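Shared between the two complexes below is chain A, which has chain B as its partner in the first and chain C in the second.
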Partner chain A sequence: MTTLAGELAPPRAARTRVPLGLAAGAAMLVALLGGSALAPVLTSYDPYAQNLNAMLLPPSAAHWFGTDNYGRDVFTRVLYGAAIDLRIAVLAVVFPFVFGVVAGAVAGYLGGWADAAVMRAVDVITAVPFMVLVIAIVAFLGPGELNILVAIGVVDWIVFARLVRGEVLRDKNLEYVTALRALGFSRARIVLRHLLPNALPPAAVFLASDIVLVILTTSTLGFLGLGVRPPAPEWGLMISEGRTFIYTGWWAAAMPGFACMYAGIAFILLGDGLADLLRVRGQ
Partner chain B sequence: MLRYALGRIGQTVPIALLVTILIFLLIKLVPGDPASAILGDRATDASVAALRHQWGLDRPIWEQYAVYMRNLATGNLGTSLRYQSPVADMLPARTSVTFFLVVYSLVLSVAIAVPLALVAAAYRDRWPDQVIRASMALPLAAPAFWVGILLLIVFSLKLRLFPADGYGGGFADHVRHLFLPALTLSYAFASVLCRNLRSSLVDVLQTTYVDFARAKGLRRRVVLFRHVFRAALLPAVTLIGVRLTYAIGGSVVIETVFAIPGLGSWMVDSILARDYVVVQTLTLMFALGTMLINLATDLIYPLFDPRLRMG
Partner chain C sequence: MTEPGLVVDGLTVEIPTSRGVVRAVRGVTLRVAPGEAMALVGESGSGKSMTCRAIVRLLHPPARITAGAVRFQGRDLAALSEPEIERIRGTGIAMVFQDPMSALNPVLTIERQVAEVLPAAAGGPRERRRQVVALLRQVGIADAERRLRAYPHQLSGGQRQRVMLAIVLARRPAVLLADEPTTALDVTIQAQILTELRRLQAHLGMALVLVTHDLGVVRRTVQRVAVMYAGQVVELAPTAALFARPRHPYTAGLINSVPSVDRRAALAPIPGTPPDPVGLGDGCAFAPRCPIASAECLRGEIPLRAVADGHWSRCLKAHVVGGARVAGTAAQGS
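This part shows the complex of A and B:
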């Protein structure tokens, strides 16, 4: 069987080729992060300084994305905003990912009351629409970056738990796991060293689309006035502030949305590319 | 079938009870004392104590929950501090607006997704398919409220085709007023539905009975509609249920963008006014709606798929 697979396997060069989507997504992200980090060098404007002589100027060579109602350069604010939105997006998925993976693995492997407890928690959180529950939690905790992380942490882990539980349930009665049990390996070792590595790739692929969801959630909270506080150049907040002036200056609301979409597409490409890559490795 | 239905309904009841506990506990998240947070500047020791007593905050937590549940059971959904009126009185009108919006968005999604999926599957891997798949991936990365604002700018402010806000009076007027909001809500759904439908269409196209239908000399279009499309619709039923619950969540922000007097904009208004009781009740309403949709999807599915009909 192994010889046959070995003979059929494509040449090494083809196997280790990086999928196009992964490269494109990574390049888009590097450009955005680089632009954000180098923002003080790239633009001569201050993201916070108001200039009442330059209010709502249309896009031009001096102001690529125009200016907002306080005369602030929208391009500069979008670049600085990338640091806020991407930081929240990446930080917010850490806890849900780790907790969800562990809870799902434990529930799937142990079964019984552990499985029942995890799955009831999953059912309860599933019963409230994602956006409603996140908004409700932030509503009671109060606005701010930390509270966004808490709200997403409470709600978002269930997807990873469900995913990993399914993978572990499928694998736990396979021969190699039975063999490990017969060898007397501890349950912790079987789960951590043998079952989790197989269950992680699908969770990692999903992580990319989850980051997109978190970016959209963060900007939605900012838009509703429940997220990051002004005058921070958070994208959703910028759209909310620009919205009042769509008659006279559509760009102030439109441009941050394009930034949001750009970041989202980068992560979607990254996820699709990662899925391709892991599927190739898995065969 | 009856046993399956009863069993499925039986599973929902304990979950619904757990959901009430979760939502009851939300008020405990308020930093410090909710009573003084709500009263703000007007807070005096006496007024805080009075409000705490009125809400039962001076009693043990399990007793508070018991009171909360008794109130729910008797239809007492709390009083809006902002409007000084019972939440239950305002609920029906607001609910019907959100219901209209969500169903409208569902209709639009299907109208967008089905033709596109048929074209994509029929021209699999050729340019129409590539274009449709690429353009359907874009909406997933765009914030819904932003798309709503863009639609407002183009169709309402520039072209003056649709009203910019409100709900209107009468069915035809609702349809006109809610077109842009429903379209905004539907695009993400349409995108997912289109992808899903395309891949199941492609799967069905590869089955032998489709080969046979073609071999009989049936026309391409006949095979596609009579044989392929009907079989491919099945997985879409579950998906529609799932996405309906997403649309409920999305309505919160879309109603705010278009100033529609539904449950979602009421929730946002209440959050900004610290009208905690209303926020709690509305969260519960959204949860009940979601649970009902999930239940309905599971009960309807066997009717569509004869293989799943249980004895």
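This part shows the complex of A and C:
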């Protein structure tokens, strides 16, 4: 790069430095996913095999997180459970994210009846607390992974719709949008190629914290017996099963609890770091 | 019969407000011939920008066209549907805006924004880049290659306006509406941009409607001038004739209130302020500020009348306008 361009461009280091939160969150997630993928190698135990000779053993070198009331290794089950909880979490937010972003952008840009239709739907869903509505829908449809995805899909898109609608509403009256219209660009093109890219970063940041919410929702449903069925090593289910033995073997419930916390912190750091990164870029 | 160029006929724009309906543009009639450069002049709020926005149907609601027609390529733009007007904008009639700071998308690079207006069939990435560079060079951006990866905030105001011009001109519009394209820029940059605009206009054979309140710019840049006051065209004339002998007291006042290096006379600002746009009556809107107004000026609508060849005035006393002061201006005018 020549000197002149070097002076005009912002300092390179400042632009490409990865925020600490992003690095930490990503590292924690990679560790969790890696651990889950390599679970068969990392532990010699079977997450489903019961061993009545080893019930509720405290954490030790042989059983890092102890064993549960059926003698199953809790560490093994937490690792296998990560695959279930993270899979549900990621799958569950895909539809709400995509649908919410599109609905919000359309509502914000078109206004009028489109806006009214989307926002009234949002109002209706907002009127009922998130958890209550999800539980009601799952209770109605019956437990199971697919029904969890459906319930979260119905309820969770509104946050993205509201967020993106706000961004688009703010941007659509900016001069550059008028300038684009003056160039003869169609409404669809302006929304897709100019307004959406500007509205996506905040939505992506929120996505990270939304995944946390979905992980907790999934385990709450598991805890309530409305989620994944036993004996699957789902974290919420494990907490629920271990709860009975909280005085004799606290680890059976606490360890999957810590796993939830760990995953939550990882995603929150990721989202926070992403926000920092985009804020630097946006200046 | 299809008239060539752009014909604005009795265009009226109204804005409902809590205090009543504001008639921002009141029956503006203009004819812009192909390849012609004309100017819309007037102080802030006189309806010049509103007229341009109405022509390409980019009024911000609740402002809307309530009467009149905009004839272009055999169609009435005021009556087209949104998808139809989208096809006219850009290639038929394009518009550049006052503030280059905000007219570019802040999060996309210059290259992407210029490349976006290239025809889809413009070839591979290398060829497209070459065309983008050529466009940027055409509007006088010297180190075009280096600017490709820049974001708008990394460019100066003048450069951004040049980029805007490059984008707009890439679509080869038949008519370019330039809404005060240089007011937000330094004086030296203003001159450069206007010279560039003028050169490209002649080169591309495009018609130019320059909205400005700067009479110096008008004199250097265009062949014909429409002076607007309170939403109406009050005088329409070839540039030389207008400066030589204005036929409306408002125009005369405008010319006299421009400071000049070589004119010794003191500045003569127009007394008073523009009228309240709510509830404008029928009579001459300028009458309350006019040095030669009389009772008859407030009686009824005053039509735009020809006072000389191609010279129109909306003043009952057009023949009286042009006292000593204006004559003095005219002497150094031509």
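As a convention for this text, the second predicted complex is superposed on the first by the 273 of 283 C-alpha atoms of A that agree within 3 Å, B and C clash if a C-alpha of one lies under 4 Å from a C-alpha of the other, contacts with A are read in each partner's own complex, and residues count from 1 in each chain.
Convention: contacts are C-beta pairs under 8 Å (C-beta built on N, C-alpha and C of every residue); 3 or more make two chains touch, one makes a residue touch a chain.
Model, not experiment: these values are computed from the prediction.
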| item | value |
| --- | --- |
| Partner chain in contact with A:Val74 - chain B first, chain C second, else both or neither | neither |
| Partner chain(s) touched by A:Tyr247 [first = chain B, second = chain C, both, neither] | first |
| Which partner reaches more residues of chain A (counting touched residues only), chain B or chain C | B |
| First (chain B), second (chain C), both or neither touched by A:Val93 | neither |
| Which superposed partner A:Val212 touches (first chain B, second chain C, both, neither) | first |
| Which of chain B and chain C A:Leu57 touches, first, second, both or neither | neither |
| Which of chain B and chain C A:Val106 touches, first, second, both or neither | neither |
| Which superposed partner A:Ile137 touches (first chain B, second chain C, both, neither) | first |
| Residues of chain A at both interfaces, chain B in one complex, chain C in the other | none |
| For the chain A and chain B complex, residues of the former touching the latter | 120, 123-133, 135-137, 139-142, 209, 212, 216, 219-220, 223-226, 236, 239, 243, 246-247, 250, 253-254, 256-257, 260-265, 267-268 |
| List of chain B residues in touch with chain A within their complex | 14-16, 18-19, 22-23, 26-27, 29-31, 137-138, 140-147, 149-150, 152-153, 157, 245-246, 248-250, 252-253, 256-257, 267-268, 271-272, 276, 279-280, 283, 286-287, 290-291, 294 |
| In the complex, chain C residues that touch chain A | 56, 58, 60, 82-83, 86-92, 94-97, 99, 102-108, 116-117, 143, 146, 150, 153-154, 164, 167-168, 171 |
| Residues of chain A defined as touching chain C within the complex | 2, 4-5, 8-10, 173-176, 178-187, 193-194, 197-198, 282-283 |
